[in-house]
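Please find the structures below.
Shared between the two complexes below is chain A, which pairs with chain B and chain C, respectively.
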Partner chain A sequence: MRRKGPVVAVLIILFLLPFFVTNNYVLHLIIMACIYSVLALGFSMMWKNRLIMAGQAGLWAVGAYTSALLVTKLGLSFWLALPASGLASGLFALLIFSLALRGGPLLFFGMSLVAGFIIMEVLGSVPFFGGWEGLLDIPGPAIGSFVFLGKIPFYYLALVILLVNVAVFSALYTSRIGRAWTAIGSSPRLAEVQGINVYRYRLASSVIGCFFVGIAGSFYAHYQNLLMPNTFSFQCSIYVQMYALIGGLGYYIAGPILGAFVMVFLPEVLRAGQEFQPIFFGVLLILIIVFLPGGLLSIGERSRLPGFIIRRFRKTAEGGGR
Partner chain B sequence: MTLLGVRNLSRLFGGVAALGGLDLDVYPSEILGLIGPNGAGKTTLFNVISGFFAPTSGTVQMNGETISGLRPDQIAARGIGRTFQQTVLFMKSTVLENIIIGSHMDFSSGLLNQFLHDRRARHDEGRIKEKALEILEFMGLIALKEELAQNLPHGHQRTLGMCVALAADPKVLLLDEPLTGMNQTETTTTIGHIRQLRDRGITIVIVEHNMKAVMSLCERLVVLHYGQKIAEGKPEEIQDNPAVIEAYLGKRRGGDAA
Partner chain C sequence: MNVGLFFQCVVNGLAIGGIYAVVAAGFTLILGVMKIMNFGQGQFYMLGAFVSYGLCEVFHLHYAIGLVSAFVTMAFLGIVLQRFVIRYTYEGFFHTVLATTAFATIINQIAVISFGKADRFMSPVIKGRVAVSGIVVSNDKILLIGIGIILFVALHYFMKTKVGKAMRAVTENQETAGLQGINARQIFTITMAVGCGMAGVAGTLVLPILGARADMGLSIFVKILLVIIIGGMGSMPGALLAALIVGLVESFGYQFVGGYNELLLTCCLLPLLYFRPGGLLGKPFAIPE
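What follows is the complex of A and B.
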């Protein structure tokens, strides 16, 4: 509401982007970064009340497979399957996390981790879901006779999904709900004493986060036209966490998005060999945790960066850690 | 007429009884002091009343309604606020935000209003902000309203803890060692605040080791020892009670206590 100018400028640039970016591969990377941003935004929402979601890929798969099956087996329109897969992921999260959260954040972490593994195994092992060979021939979205072909319509769809996600999350974060999440993240004990139902607010964050992850899954299914269970591996969940962490865990909107874009584009810029990427990411992650625990976005906030680095380095060298 | 009633309350940790069949009455608009040596069960009592521990047996009643067994947020909704022995605040938020977050229960606009940030929600926000400023003014923290809680000196953090508790509009306020680590001036100011809160109709239960402060502040004292009430009465009666002296100083060897 206050800073309208820059927001409008960014929106115009985003909507005109396909006119400047003509390279299809670059456009593909942008589309994937948008989708990963949605996954990381969901992770951040749960992190806001100090829940560590370790099965983001699994919930993503729930959305993707729901959408693909609704369209291919039932002949449903993509535009109905899109919200339906969001609901499917949201309901799935409600089911498992309403149980897990009774045991607290640690059980939430464990349960989300296990759920991620189980979902991938079930998708690969049950023939109905297409098995390890994957689910093929998923049609792209269409509006009337206009069928989505090429990257540009998908870019706009991905962009709209991301923008809606950002708008909804921003509205939530500035409301009483977001304040309750901040309270829980800061001190669950004090939050309870002030009358906040910690269980219910934590559950709400996981369901809302997973709803958008499901939407992203639906988009992904119809963008790729095929789904492989291996896409939704544990490694994918870890990457989602890395996006949020590298961007900055304290920045619940900008952090995940910046992290996702950096992590999608950096390997391309460096032209690193595919097999070295995990090593490179691992080193990058360690460097960020040691030198920039606040993430990339905290660079702007720390005008005294050099001194801070030196102190941090000295501490680490002395074996003090942390 | 009892406002907050504790009935035959026990709480065991393993085999140790932190509270052993405690009975306690808190009357409206009084300042009740809860004293006793370390490990007497004072903080455990607060934790059971505010819902962090379930009692092993016995009940806690607020206005005649049994509240033991409820969740902390449900107990807060029934008008019981508390502060903590350690400084517990929303450290990364500003002083003002701390109180606005603490006013969680005071929002009357619905989820949809909140989400759309419409006129009703904005009206709500304005009202709550005004209330928060009033609390800060009253407690003397108004000049620090934009500071981060983590950057405040210890004494101000303790005061802010009380402000946050007040934001929830408690009928009964449980203060767990509110004067710890305060200097003489801060102690005097805080005692003044507590008296004023009582004058505003808030019932205060206070656990405190600063005996001088307790004696001047409280109208009634309850002495706990090993989870049981060993004495109760006016400060001057308690001071000379042999059982209390024994609990604090131990028994005089051989001779009689007097």
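What follows is the complex of A and C.
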């Protein structure tokens, strides 16, 4: 980090935020946006080597249920269950994706999608996991005699998880591993020629991404105090991909976070009916893909949007594309 | 386990597998020729079922009319998707995935709002059933299997016509096909029409047996993905074979295990992927950059 000033300023604002935001619902939305940011960050880490993770909700569920079951059935402390659920998600990812990656990125995409579906089905239909009614009475975290109540302690916990995630990811991106990922992202074949083991680096990115997704799941389980399989549906995975795309796929840290915050707050601002929300999101997503494929953060890079639209259509009319 | 029950399961499995095969054939065609995954495939299947339900059950038209109009309507929607959405998403594979998903979400939500979440059942097309030594098969299931076979034969001969040859040329290499005077974008439009139309036909076929629901699209889509992964990405014979396998596993699973079908299939899938990463009949398939 060369410019420390803005980062410190943002950190101070974030840590003082609960003193300004007194509305519990807004605080809840911020916490959820933090969790979704972690999910979308995991997605964008895999996207960095051009892997499309389509089952983020499933891995999130693995983390959440591991933590909830460890605490409720075995009586483990939350602070032990948090890393354990991350490990569980990571191991699960290792198991599936070590097989799926042998068939290339398209198989990775298909397998992650199928895994997301199947995890939800299994969680819903096996009584041990609480069935479709969900897993209830998950205790909140506690430090000594201080039990987490209300939104403010959870806000700080979510913030710490998000910040640790961002710190680890940006450290990884600037390290040797991150450079290898960038190489794989620009051309897997060329990276292979350079002596990068594409399979291992891709597997590493999926396992690291899923580790943090599992931690987010553990936090979510103890924040909500109940888990429903329907939370971890296909829709949720799609939303995670949307966050990354809307923020900007080329921006691996800022893009997913911006996308998650925008998409969590947008429906609240619009107050659209629950029924029409998917239609609205679908239309918005198509418009963004067609007119702004680089995401919101790419607005500043390109010229004004109208000219961009005209150029885009001219380019399409001249040929190319599908 | 007696022989009668065994063959009963086989026939049921072939019927379910036939449905999967028809939807998966359309999906594979689009994946092979256009190198995109059409996430709307399941929703086109659902909508096809509702179109023919409306025509056959509400307006009391003949089933064949329902079949044809489901194909035509879904082919039209496929062309709309191709012309107005996919054509402008030339950024890459991932953008088309999300764009088709968004389209599917819109269709699905409109269907949920307008049809509700209730099951719609249709009276049998050909009444009665065939009973041979303890195996009872309704005539509709035989009709389904028959039309499925006819569709596959038709698709086989369609791929030998001039348009079909052009499709295969585009599958191999889009640029070289362009040099031969093949308009790739026209071929893409035809591919979308045929692929989505087949999903509509499958919806009509399943209507007399399982009925129509607004959320049937998503549940079949999972099966289609499993079929595609097992059979091999972009391989048509692989899709057919894998669809029948999935159908049989499902039918025997309901009979002997009771639920957990997807889990059962995945447990079979993981060792398969270890030994054949490209699926049963496919070769490892690359996403175009």
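We adopt the following convention: the second predicted complex is superposed on the first by the 308 of 322 C-alpha atoms of A that agree within 3 Å, B and C clash if a C-alpha of one lies under 4 Å from a C-alpha of the other, contacts with A are read in each partner's own complex, and residues count from 1 in each chain.
Criterion: contacts are C-beta pairs under 8 Å (C-beta built on N, C-alpha and C of every residue); 3 or more make two chains touch, one makes a residue touch a chain.
Remember, predicted model here, so these are calculated numbers, not experimental data.
Chemist: See if chain A has more residues touched by chain B or by chain C, and give me that chain.
Modeler: The larger set of chain A residues in touch belongs to C.
Chemist: For A:Ala171, using the defined touch cut-off, is the partner it touches chain B, chain C, both, or neither? Pick first, second, both or neither.
Modeler: In the superposition, A:Ala171 touches chain B alone.
Chemist: In the overlaid three-chain picture, which partner chain does A:Leu76 touch, first (chain B) or second (chain C), both, or neither?
Modeler: A:Leu76: touches no partner chain.
Chemist: Contacts for A:Thr182 in the overlay, against chain B (first) and chain C (second): which applies, first, second, both or neither?
Modeler: Touch status of A:Thr182: first partner only.
Chemist: Touching A:Leu29, do we find chain B (first), chain C (second), both, or neither?
Modeler: neither
Chemist: Could you tell me if A:Gln194 is touching chain B, chain C, both of them or neither one (first, second, both, neither)?
Modeler: A:Gln194: touches chain B, not chain C.
Chemist: Taking the superposition as given, does A:Glu275 touch the first partner, chain B, the second, chain C, both, or neither?
Modeler: A:Glu275: touches chain C, not chain B.
Chemist: By the touch definition at the top of the document, which applies to A:Leu14: first (chain B), second (chain C), both, or neither?
Modeler: Touch partners of A:Leu14: none, neither chain B nor chain C.
Chemist: Determine where on chain A the residues touched by chain B overlap those touched by chain C, and list them.
Modeler: The overlap between the chain B and chain C interfaces on chain A comprises residues 187.
Chemist: Any idea which chain C residues touch chain A in the complex?
Modeler: Residues of chain C touching chain A: 34, 36-37, 82, 85-91, 93-99, 101-103, 105-106, 108-110, 112-113, 185, 188, 218, 222, 225-226, 228-229, 233, 259-260, 262-263, 266, 269-270, 273-274, 277-279, 284-287, 289.
Chemist: Write out the stretch or stretches of chain A touching chain C in their complex.
Modeler: Listed in rising order, the residues of chain A that touch chain C are 47, 50, 52, 54, 96, 99-100, 102-107, 109-111, 113-115, 117-118, 121-122, 125, 187, 234, 238, 241-242, 245, 249, 275-276, 278-279, 281-283, 285-286, 289-290, 293, 312, 316, 320-322.
Chemist: Provide the residue numbers of chain B that touch chain A in the complex, in ascending order.
Modeler: Touching chain A from chain B are residues 50-52, 71-73, 76-77, 81-82, 84, 88-93, 97, 100-105, 107, 111, 114-117, 121, 164-165, 167-168.
Chemist: State the interface residues of chain A toward chain B in the complex, per the touch definition above.
Modeler: The touching residues are 171-172, 174-177, 179-180, 182-183, 186-187, 189-198.
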